[in-house]
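Below are two complexes that have subunit A in common, paired first with subunit B and then with subunit C.
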Partner chain A sequence: MVVILGLFLFVPVIMAAWVSVSDWNGRGSPFSSNVHFVGGTHYAEMLGGRGLAARDFGTAIRNNLYYVLFVVPLQTAISLGLAFMVNKRALRGKGFFRTAFYFPSVTSTVAITVLWLFLFSASGAVNAVLSWLSIQGPNWFADPRGVFHLLMGGGDAPAALSQPGLFGISTWEWIAGPSIAMAAFIMMAIFTTSGTFMLLFLAALQSIGEDTDEAAMVDGASVWQRFWYVTVPLLRPTLFTVITLGLIGTWQVFDQIYTGSQGGPSKTTLTPAFLSYQSAFESQRWGRGAAIAFILFAIIVIMTLLQRLILGDADPTKPSRRQLRADRRAHAAAAEVVTPAPVRADETIDRGGGRHG
Partner chain B sequence: MKIRTLRAGLAATSAIALATLAACSGGADPGGEQSQGNGSPNSNPVSVLIGSSGTAETDAVKEAVAAWSRQSGVPAEVKVASDLTQQATQGFTGGKPDDLLYVSTDALAGWVANGSLEAYGDSLPNKADFYPKLVEAFTVDGKFYCAPKDFSTLALVINNELWKEAGLTDNDVPTTWAELEAVAKKLTKGKVKGLVVSHEVQRLGVFMAQAGGGLVTDGKATANSPQNVEGLAFVKKMLNDGVAALNSDVGAGWGGEALGKNLAGMVIEGNWITGAKKDYKDLDYTVAALPAGAQQGTLQYTNCWGIATDADNKEGAKSLVEFLTTTQQQLAFSKAFGVMPSVQSASEAFKQDNPGMEPFIDGAAYAQNLPAQEGVAAVLAELNSKLAKLGSSDPKTILDGTQTDLQAAIGA
Partner chain C sequence: MTSVAMADQLAGKGAARAARRRKHRMEGGFRRPGWLTYLMLSLFIVISVTPLYYAFLLSTSTAADIAQNPIPSPIPQGHFVENLGRVLNAGIGFWQALVNSVIVSVVTSLAVIFFSTLAGYSFAKLRFRGRNGLLAFVIGTMAVPTQLGVIPLFIVMSNLGWVGTLQAVIVPGLVTAFGVFWMTQYLSEALPYELIEAARVDGCSMIRTFWHVALPAARPAAAMLGLFTFVGSWTNFFWPFIVLGSTNPTLPVALQLLQASYFKDLSLIMAGVVLATVPLLLLFAFAGRQLVSGIMQGAVKG
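On to the complex of A and B.
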């Protein structure tokens, strides 16, 4: 186990970390004597610079940030809604709907991307439907215009906002919102992942059981109250899982971009993961590519921690660590007095019950 | 106790892993020359990595390589990459590259800089036969790295049907910017735009070349030269007058589609335009030289046959390149999948075999290469992202930004 973990996890991570602070150029071993330590140059180039590297990185962060901001809340809400729908006893053809909603999740992203390219082409199905409503659809995957810019009327940048700001990108560009092309990717992400998370919510819903709901009903709680004050708090551990997985998945978006747009139009679908690939494999800037990967890792960790902080204690039904320690001490004290065996059995039942309840 | 075992395990793992890595990469050490690498002839099989445009190209290359194998007695294998740059890079990084591979001008600088490619071009017997501008494209720091495989230039492609409808004749084919603007105006009607062109510098760059400019001149960044600004300003004027449009504006993926769907009276594309006839059977077009501004100008694109520094059989690979770049073999490739031969000795035969395609090969006389130094590809990508909004931007501002980036990239 340790050997496998070491070979496939620790060593590659250490190698990548070394590459990100070295001048390795992609040929031969990164540990050979011709490779030199260059310190934080690659990081500084992107985080502190004003050059092309910083601007590309800033653009990628901006694009991905909007992607995350839209995808994570929407997919969580939609998957919860879907789970509720297919969990109803009264629903006919429950099995069919469950399968149908889950279907996009088992299909490869590449296949769905190709499908999306067809649906959202200039003369594709989506624009055909829009034209029935007398709306002239955009040329989705070729449209770099920002959605927020369009909502603001689509004019030119006011002088005050057009100066280069963070990462050398103007404030006007920062507030552009996702481009129309990115919006299509956002819809795709929601479409493909909602099914997976629906399954997680469904499992959680089923483990709550009907008794809880009935008990609340007896207490006179309305449908909305039962949902908001009974079900959702009980779903919090699942909610935490779904949002965490969502955050990780959305910050790492790569395959759609690689097959669908290669970062275009006008770099509005460039993401850090794709930029990292491009820097390493196409520009042979391996140090920069590895540095981007590490910054991305930091972003994901920070985001997840923040989320944990906001959602509070991840699992209200699970006793906190301090409480567990106190319990154990109490049990140990009891065990010294009484015979140990029954207490242990008691402890197992106690904690097991707590975890699943 | 447990912790100690874990630590020992970790140390052992790291040691094993490092040893393995060192062993794997021994041959790839850029400093260490391999015995076979010194040019001594051997009969190791030659592996060839290509990025193919389709079965026609794959079959033609396989057939030619097999013919060489029979003649030389050296076994050879052709592999088709789905993503050439990525697969080749993996080979170089792992120290086990394919012997011979397609190398684009974009990828050349990076691979030359990290020592992946062998500079063998200067020792080719037919070096003088290649078009000089193609040799220039594959020369880095005075060394001619690899033999140009074939090439393409850009020209003006006219939609004959729309041309006639607009009442234009063969005498109206534009030779100057003013004439181009005039016929574009006549062709523009309803959904049809006179000129439809991609926003990329890989196409719009022709106007900069025609104005007498270029992104890099004599090794110095000259992106914001008055000539370049003039070239882009001319395009912007046509866009704003409504007589020209970008591919994305008309919803076309490339010029051939705009032409085939009768959305464009004229497009700027290379000799790959022949492919449009497969998708649009009724398409009838005429190829003309691009109209001149201050001078005649076009851009050219090319790939070369790169030999890996770590190749198992360099001599074999080089002999294969010589075979593949003979006049006769170049013409065979041209017939099989429509490319233009990179050797001047094949130009007359190409013209005879491909009536109507002359402007493409004649373009070789005045074609420019886009800059391809290390890091420049990213600069061009940035420029392209700005050019998508050329209609509503100031050409000078765009090019000033490019100048800054370009100076940072090439250091001059």
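On to the complex of A and C.
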């Protein structure tokens, strides 16, 4: 199986690297003699130029950046909150809640996109509900206006910000925020992925068990303290997994865009993954498509390392230990009265067996 | 045996009474979740179930009704079978797509479970040269985005002459880095060396040890992996769309075609959505509870 993995993952990466620096046009083998090495031309076109390629690429990066910035924190927070609520020992109908929350995750993105297109159409259900509240809903998937621009009052760009900046995109365009069309996609992503991540958090919560929580409770920690200073630090490995999977998933948005908007309106839902597909498979510019995929890869790796750094540094256990220790001192007298807990023989054997691993 | 009964034997009546008292007090501390929890959970239920039920409602209605009123009555209308018939005869090849999706998903999940468990067992329990390096390499491949692989993978497939055939979708998915990583983590915790040694002493070969000891021990994690893989390949769009195209589609690809060619006819499209979604929902509704409780019994040890 290492062979299969190698054949279908490692070799392609090498080939993609070659295609991204060659002028291969999709016909014949990319390794034949009439394919030439063109160096970093494809990369330079997108990263340095002022042309259409650079502007499209910059727009795609901007769109996807906002998508990631909204989706990843929200879906992580919601799935963690759901898992925490569903994990409560005395909750009735646990199984029902778990199953129901996972439902949106088992539907394909294409199916949900088709549904979303109708829900958020001009005369769709969402706007009908909004009109009950006498709100005039936007024509979601046809509205390119940036959410931040709207919040700022929606005027024209100040002259100072309208100069072409990073990747050929003006600063005014960079701070536009996700367009209203993109906002609908953001809601969709949160709707479909929170259930899966809730299951991951739930599994981790179960493996932590209730002992630590009980210990903190005996020490007099409140619900909020127990959640923030005991559970969350213990969940750190799962948190890391969820955020990493979230980053990888959100930087590769393609299905929704292809089925739903094809990058429109006004390119505000263009994403690097869709741009890469378009360049390679529709415009036959394979080198550019591969180069975009490589830049995307670099972005994902950098973001993952960055979040590891941030998660490693901002250590929420540090204040909590101090605080809990203080609490413990205050409760020391009470603790001494309590007799030592009886040994749970079954559990000891369990752990002893597992420790060899 | 409960801890209280255990204490009864170990430390006599006095300690048992104390333990019982303590246990009682502890449970008093875990109050029943208040109405606020139920309110929030119910709100999320409404949000997560309504859109799907709404799609079902639309699929039982007619296009003319939907155009008149985007919010139909909450009672299903009688046009579902009729709409379903129209989907199957829409010239998209929905029957074929359904069969293709079943084949791809079943073969992929079984293969992923088997190969990942085999690889996970080797990484977790066998000692061989270069083990750590190889494991790090496998995990590293998880960071490679699909987009990067797709262009060269397409070149490979067209050289093999596999474009448009199901094995082009199945073969690259036979083993996943995530699966290997997942099973390695699980087996290194859940399978004690004593069991393997006992099997060896009893004269089991390496393969038999794997088959009779490691595979059963891996069951809870394998169930979860199987569920994720099945859902993943059932809903996968990008790669099947690229390599299969419209002639031999899987369900998501067929659904996209349906949306592109009949975008005015919502009841038809929604019937397609229901058809693509319901098999998975049924699977999940019947097997899901066992699967989820299996997951809860063991997987993901920190």
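Definition applied: the second predicted complex is superposed on the first by the 308 of 357 C-alpha atoms of A that agree within 3 Å, B and C clash if a C-alpha of one lies under 4 Å from a C-alpha of the other, contacts with A are read in each partner's own complex, and residues count from 1 in each chain.
We take it that a contact is a pair of C-beta atoms (placed from the backbone, for glycine too) under 8 Å apart; a residue touches a chain by one contact, two chains touch by 3 or more.
All of these numbers come straight from a predicted model, not from anything done at the bench.
*Asks:* In the overlay, work out which of subunit B or subunit C sits against more residues of subunit A.
*Replies:* C
*Asks:* For A:S123, using the defined touch cut-off, is the partner it touches subunit B, subunit C, both, or neither? Pick first, second, both or neither.
*Replies:* both
*Asks:* Determine, under the contact definition given at the top, whether A:Y102 touches first (subunit B), second (subunit C), both, or neither.
*Replies:* The answer is second: A:Y102 touches subunit C but not subunit B.
*Asks:* For A:K267, decide between first (touching subunit B), second (touching subunit C), both and neither.
*Replies:* After superposing on A, A:K267 lies in contact with subunit B but is clear of subunit C.
*Asks:* Have a look at where A:Q307 lands relative to subunit B and subunit C in the superposition and call it first, second, both or neither.
*Replies:* So A:Q307 meets neither subunit B nor subunit C here.
*Asks:* Quick one: classify A:M217 as touching subunit B (first), subunit C (second), both or neither.
*Replies:* The answer is second: A:M217 touches subunit C but not subunit B.
*Asks:* Now for A:P144: first (subunit B), second (subunit C), both, or neither, which partner does it touch?
*Replies:* first
*Asks:* Between subunit B (first) and subunit C (second), which, if any, makes contact with A:N34: first, second, both or neither?
*Replies:* A:N34 sits against subunit B, while subunit C stays out of touch.
*Asks:* Looking at the overlay, does A:T171 come into contact with subunit B only (first), subunit C only (second), both, or neither?
*Replies:* neither
*Asks:* According to the stated criteria, A:F281 is in contact with first (subunit B), second (subunit C), both, or neither; which is it?
*Replies:* both
*Asks:* Identify the overlap between the subunit B-contacting and the subunit C-contacting residues of subunit A.
*Replies:* On subunit A, the residues that contact subunit B in one structure and subunit C in the other are 2, 5, 10-11, 15, 29, 121, 123, 280-281.
*Asks:* Can you tell me which positions in subunit C touch subunit A when the two form their complex?
*Replies:* 1, 3-4, 6-7, 10-11, 15, 18-19, 22, 26, 29-33, 37, 40-41, 44-45, 47-49, 51-52, 54-55, 58, 70-71, 115-116, 118-119, 124, 134, 138, 141-153, 155-156, 159, 171-172, 174-175, 177, 180, 188-194, 224, 228, 231, 234-238, 241-242, 251-252, 255-256, 259, 266, 269-270, 272-273, 276-277, 280-281, 284-285, 288-289, 292-293, 295-296, 298-302
*Asks:* Under the touch definition given earlier, write down the residues of subunit A that touch subunit B in their complex.
*Replies:* Touch residues, subunit A against subunit B: 2-3, 5-7, 10-11, 15, 25-29, 31-34, 51-52, 55-56, 121-123, 139, 142-144, 156, 264-267, 280-285.
*Asks:* Which positions of subunit A touch subunit C when the two form their complex?
*Replies:* 1-2, 4-5, 8-16, 19, 29-30, 82, 85-86, 88-91, 95, 97-112, 114-119, 121, 123-125, 128-129, 191, 195-196, 199-200, 202-204, 206-208, 214, 217-218, 234, 237-238, 248, 251-252, 254-255, 258-259, 272-273, 276-277, 280-281, 286, 289-290, 292-294, 296-297, 300-301, 304, 338-339, 341-346, 353-354, 356-357
*Asks:* Okay, in this complex, where on subunit B does subunit A touch?
*Replies:* Result: residues 6, 9-10, 12-14, 16-18, 21-22, 24-25, 28-31, 85-86, 89, 92-93, 95, 106-107, 110-111, 113-116, 248, 251, 374-375, 377-379, 381-382, 384-386, 388-389, 392, 405, 408-409 of subunit B touch subunit A.
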